[in-house]
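As structure tokens, the structure follows; a few thoughts come after it.
Chains: A, B, C and D, in written order; residue numbering restarts at 1 for each.
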């Protein structure tokens, strides 16, 4: 009986191999990777820069495909950064969801984007 | 026979439920989510702002745990944004890895951080 | 006859003296300063993250004062970065306005946020 | 006797006229302008992404000229954002320098990049 490989783990291994084949690990200092992730996040944002909320919620398919590939860049750098720092990214996100549920109790936070320290 | 649920899919469902319980979907326009992701990426970066590359590669455990939770924020917003846009994030990242392998052939790119259009 | 000192030049000199007094120049590598500027720009953005366009255009005075100080941070890092790179910031901006006027001729660009290479 | 016009004020008036001629003010909501500024700050950062600190401190002249024009973009959006919010940018920066001097007393802050609340 085989189990399906986890997709995030497959991607992590895939980007690691990609980097190793090109001897790019020398450039992948966590500081550089954090910058790279922020740059890619800005490129995602660029697609929404001048759109109204309504336009942003109804992207043409071609734009959505471009945004998908920019989102992919963010994920790949995020996996790379986590890997270099010895962070289990999915575990960190699971933990953060639990912490957020404590910081934003349903009854206090419902329908309000108030920061937790002002709730 | 049950299969292990995919961790990325579990997270996507978790953040969706978290948002629904708080009636926050009304704020989760893709434009806002793209901004939020960029803001969280900057918060990751803030931890590395004044570090030398050597210091960045040897974070104290407490700092690494803080960075892990900031990385989690980036991932959660990225999942949320992808979900709102109907993007399969893992599939996009798999596709991007293939495209990158074409843009950066091993023999040309080895050991060089030159942008693909100048290789 | 004395002339009024230029405000941007006064600020540039002010931040340079501030840094020298604290012996912080050692940390002010252009790479670090570029990161710092991006981090401060994200902090400006954070104030607008969940606002509708109408809310963003009508900030309460207290929020506006907070945004003003975040904008100040962006300017101070921008002056510092320019200084370290030997860039005359005001001259660069004057030049950029001329270049933009060529890239976006009035008759083609009026009322449209289309990128210049698609006009 | 004429006084030299202040360069920052000249730039502010220049970008305002540029925008008015193209009827772009309709797009210049402060939220959009804050995003634009963050995007341009990321473009500045992109030039330093893979450089060592030594390389960043010794940019080739051609790269420096490119960085100068990206810095110009940050300044122009910053002036535009300030203008739309009714912020006197230079006054805000002057005020911030005073506040920073209080937050980071010379004797405590010398040679250390510790955040003020941990000094």
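Quick notes on this one:
The rule we apply is simple: a residue touches a chain if its C-beta (ideal position, glycine included) is under 8 Å from a C-beta of that chain, and two chains touch if they have at least 3 such contacts.
Remember, it's a predicted structure, so these values are computed and weren't measured experimentally.
On residue numbers, the A-D interface is repeated by B-C, which shares over half of its contact pairs, out of the options A-B, B-C or B-D.
Here A-C and C-D are compared, and the pair linked by more C-beta contacts is C-D. Taking each chain's centre as the average of its CA atoms, chain B and chain C sit 27 Å apart. Our note on geometry: chain C versus chain D, Cα centroid distance of 2 Å, whole angstroms. Residues of chain D found to touch two or more other chains are 27, 32, 35, 38, 41-42, 45, 48, 50, 53, 113. Contacts from chain D toward chain A in the complex involve residues 27, 32, 35-36, 38-39, 41-43, 45-46, 48-50. Contact residues of chain A toward chain C in the complex are 35, 38, 50, 52-53, 113.
On the side of chain C, the complex with chain D involves touching residues 1, 3-4, 6-9, 11, 14-15, 18, 21-24, 26-27, 29-32, 34-35, 37-38, 40-42, 44-45, 47-48, 51, 53, 56-57, 59, 64, 67-69, 71-76, 78, 81-82, 84-87, 89-90, 92-97, 99-101, 104, 106, 109-111, 113.
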